[in-house]
Amino acid sequence: MKDLTYSKDDEFLLVTISYDGEAYPGQFFMVKTPVGPYAPRPFSAYDLKKGELIFLIKTGGELERFLKNSHKVLINGPFGNPMPILNHPLLLAGGAGYAPIHFYAKRYDFSEMVVGARNESFFELVDVPNRSVITLEPTTVLDVAKLSPLKNVIACGPMPMMRKTAKIFKDRNLYLVMEEKMGCGRGMCEGCAIMTKSGVKFVCKDGPTFLASEVDLEWT
Amino acid sequence: MKDLTYSKDDEFLLVTISYDGEAYPGQFFMVKTPVGPYAPRPFSAYDLKKGELIFLIKTGGELERFLKNSHKVLINGPFGNPMPILNHPLLLAGGAGYAPIHFYAKRYDFSEMVVGARNESFFELVDVPNRSVITLEPTTVLDVAKLSPLKNVIACGPMPMMRKTAKIFKDRNLYLVMEEKMGCGRGMCEGCAIMTKSGVKFVCKDGPTFLASEVDLEWT
Amino acid sequence: MDMKIKIKGVEFRNPIIIASGPAGFGEEFFKYVLPSEIGGFTTKTVTLSPKEGNAPPRIVYVKDGILNSIGLQNPGIEAFESKVVPNLPNGTTRIISIGGDSPNDFSELARRIESFCDMLEINLSCPNVHSHDVIAADEELSKDIVTACRESTNKPIIVKISPDLDVVEQSRVVVESGADIVNIANSLRGAKFNVETGQAFLKRISGGVSGPAFMPIILWKVYQVKEAFPSLPIIGLGGVTCSRDVVEYAIAGASLVGIGTEAMINPTGIPKIVKGIAEFLEQKNVNFKDVVGISHKGGFK
Amino acid sequence: MDMKIKIKGVEFRNPIIIASGPAGFGEEFFKYVLPSEIGGFTTKTVTLSPKEGNAPPRIVYVKDGILNSIGLQNPGIEAFESKVVPNLPNGTTRIISIGGDSPNDFSELARRIESFCDMLEINLSCPNVHSHDVIAADEELSKDIVTACRESTNKPIIVKISPDLDVVEQSRVVVESGADIVNIANSLRGAKFNVETGQAFLKRISGGVSGPAFMPIILWKVYQVKEAFPSLPIIGLGGVTCSRDVVEYAIAGASLVGIGTEAMINPTGIPKIVKGIAEFLEQKNVNFKDVVGISHKGGFK
């Protein structure tokens, strides 16, 4: 592990590790340490540059306890499909959902971005590119985003935000980066199911990015 | 944790940690790390000097895996009774059983000491004071020790060595530093039972040092 | 908010009960914890005659837990009365755990401890004593034991059942025989083998596994019993190490929550667990008793 | 030394069987492991009609394991025949796991898979499908299912039983009905509750727990069944992560050893486990088949 940086309010941390391989925005890694937890946890790549891979992690879980105490991090991946590259997209992110969105914004062009968090310490931790709006509670990402005329949208955030986004932007070309607890991360175990118009799909193998018009956000 | 040093053959390691408290030869600590194992393991103090506490640990167990990967070590103790201070004692130690014997030899006078190990890399790891004999397999500690005329004896080592020592020195004033898997380390759980002439006793509360003439080494 | 729980006229300051065994008779334990910090303390199980316990090893380490084969070592009721009782904690609910083979053993013990205890706990489920199965596997014997105790004491009766057998069925049997509370559960049966010798580590082959690893199994058993007997007070016991675990047990249906292995490993951590529960109740703005079985009612509003 | 195990005429190159479910139908799994590296592969359980599986979450993390509620999602036997069978692994023992509700379901499946499999596994113990208990809880139904399969196939029959019920009794029932091998066991039932919502994490409340935490429990069950039926071949399944675990299962009485969760988490580690077994056998100078049940004979000489 190269580095572990916490936000001032300890709600998020950035984990930087050495990594030689490739990874595309939207892809994720299964993460654990040599001392635990037993089951690795999926995390989106937040950034990848000069041999460094970075994750943005919400604190409070079991993994964090191990990360804090272990010398090493074990990763497996990348898994999942890259996000589609869109023309003039509007990027929407809430909390830890900023990880894949940030990576997308670093790699590809975008027109507008709105990132929401509970308070400022989130934005002292992460970097936000130009042409972005940040929102702090009680203002929500959607309060701002609904004013945008852009046709192509990608969103990642907590489920209530995703549901709202799908409702507000139901007539646009909206993609959602979905999350579901994972077992294998590679399409074997049927753990990360979501319901779509064409039946059950798996976040790890068929996603994590799905067309909002395809997924049934109420099944979850 | 201040330091972790392995023997050349990786069979033993010395763990050095900062420690402000006191501890006497024969006393032990319950050891774990913030990431595991869940149940702490008992280890005798091998040395205590200038704010540093040292353990001598046989490798291959679960604890070692955590020690290797964790930044911190958690200790609880000291528990158990100090070894009795004897006149002109003969000190006998085999393998990891050298831990309490070493500490005794550092703190108190002794007349002779015999320490046995499988091979030389053990003695490249630990320090052995003057007036000591070291034995390497196939020579045993007892091959040498049986020639000593000393009346007061303290021994610590694997159970077969302890049984043999008790037999050979049955007419001397022999003390054995006993081991038994522990739950609480403090006399609550009845986990570390050994049988004595006056019934079941507990290694953590009544020992770990017992008069050989008192304990039933066959119950184990 | 309020952590108090009242059961059969006995008021528990908080839902934390120290489980029978890992903390012994309390002498050592109460050097680390004040009686006033916990809801109740259960003594190591006592039997009529003294018991030597099992030959070592009595402890084997397993992942996230321990495997034990203590074998109910205890000095017998006479020495218990003369030496242990004077040192029992004051200022917390005293639960005395009793063990034996026959209804007579149990009813005599129930009579003799009546004046020292606030509640008694009938241990039908120690995995480390009988040559075949635990008492709880014998429905008739279980009935007779609980009935005999019911006739010989007015104190509330807890029956500690086995997690290796149908918990709903066991609960039915003991409640019909007069039990006031069920304790779910004793340690699960498990074993571990030594690959060097080709033998089990324990001389009796199997022992009882306890610790955090096993909590999901016991949680489900608590849920089932609460579902079947909504008004039966339950002690949830198995694997608790933090206040969140205690709340999980309450959500699943436990009115009281036992702590065994963790109390043994880290007694000084117990008051922190109690504090954590208080903080949780404040944050949720709810009393502990209203958390009990809330999953059966659809969760928090 | 030798790792081969022969059961009912089928030779297993080594005792490692990939368990049903966590590695799916193998398509992805065999990108990491060669069929020739393992003793056998068990497919995800297949049913007559397609099954959608349970609503998410299907996975909950627990200490040293996972809690799952997959619900036997599978495409049904027709799609299985046309799409899965052509991709089944060659060069390892193929075990096809079948599930259903009635003896007819099972016997029809047994017939239809007969020509594709080396053995079939009757899954009587999935904790995630029926509204009440697992099939194995119903002795008559279990008998009828195994008997019906026995009549409709000549392939060796494995029956996968539940760790939540008496394993000796279940083994007796299925062996009397024609089973050749028992698989001990499916995942144990467990639950976990969300302290924020006051509800269970899983919509069906309970699911199956698997992983290293639970191995001591299953080891004891394997030991008991081997004690009761010395000549019955047993698959030991639950919690294996390393070669030492495999040896422990053999010592307890398992002829074959299943790996589920670990195969899912770390498929590339499987060949290392096999290598470790080989090293152990060399060091002990013993063949694998002589380790099976050695604890019942007093251990290694």
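Read from first to last, the chains carry the letters A, B, C and D; within each, the first residue is number 1.
To be clear about the criterion, a contact is a pair of C-beta atoms (placed from the backbone, for glycine too) under 8 Å apart; a residue touches a chain by one contact, two chains touch by 3 or more.
Values in this document were obtained by computation on a predicted structure and should not be read as measured data.
Novice: Enter the minimum step count from chain B to chain D; a value of 1 means the two chains touch.
Specialist: 2
Novice: Quick one: point me to the chain whose Cα centre is farthest from that of chain D.
Specialist: B
Novice: When the centre of a chain is set as the mean of its C-alpha atoms, what distance in Å lies between chain A and chain B?
Specialist: So the centre of chain A lies 52 Å away from the centre of chain B.
Novice: Taking each chain's centre as the mean position of its Cα atoms, how many Å separate chain B from chain C?
Specialist: It comes to 35 Å between the two C-alpha centres.
Novice: How many angstrom lie between the centres of chain A and chain C, each centre taken as the mean Cα position?
Specialist: So the centre of chain A lies 44 Å away from the centre of chain C.
Novice: Which chain D residues sit where two or more other chains touch them?
Specialist: Expected reply: 63-65, 212-213.
Novice: Would you mind listing the residues of chain A that make contact with two or more other chains?
Specialist: Answer for chain A, listing residues that touch two or more other chains: 36.
Novice: Taking the touch definition from the header, please name the shape of the chain graph: line, ring, star, complete or other.
Specialist: It is a ring, because the chains touch in a row that closes back on itself.
Novice: Chain pairs that touch, all of them, please.
Specialist: Contact pairs between chains: A-B, A-D, B-C, C-D.
Novice: Within their complex, state which residues of chain A touch chain B.
Specialist: Answer in residue numbers: 33-36, 65-66, 68-72.
Novice: Using the touch definition from the top, list the residues of chain A that touch chain D in their complex.
Specialist: 30, 36-41, 62, 180-184, 186-195, 199-200, 219-220
Novice: Once bound in the complex, which stretches of chain D touch chain C?
Specialist: Per the touch definition, chain D meets chain C at residues 62-65, 67, 188-200, 205-206, 209, 212-217, 219-220, 223, 239, 244, 247-248, 251-252, 280, 291, 294-295, 298-300.
Novice: Quick one: which bits of chain D touch chain A in the complex? Just the residue numbers, please.
Specialist: 21-24, 28-29, 44, 52-61, 63-66, 68, 70, 73, 211-213, 261, 264-265
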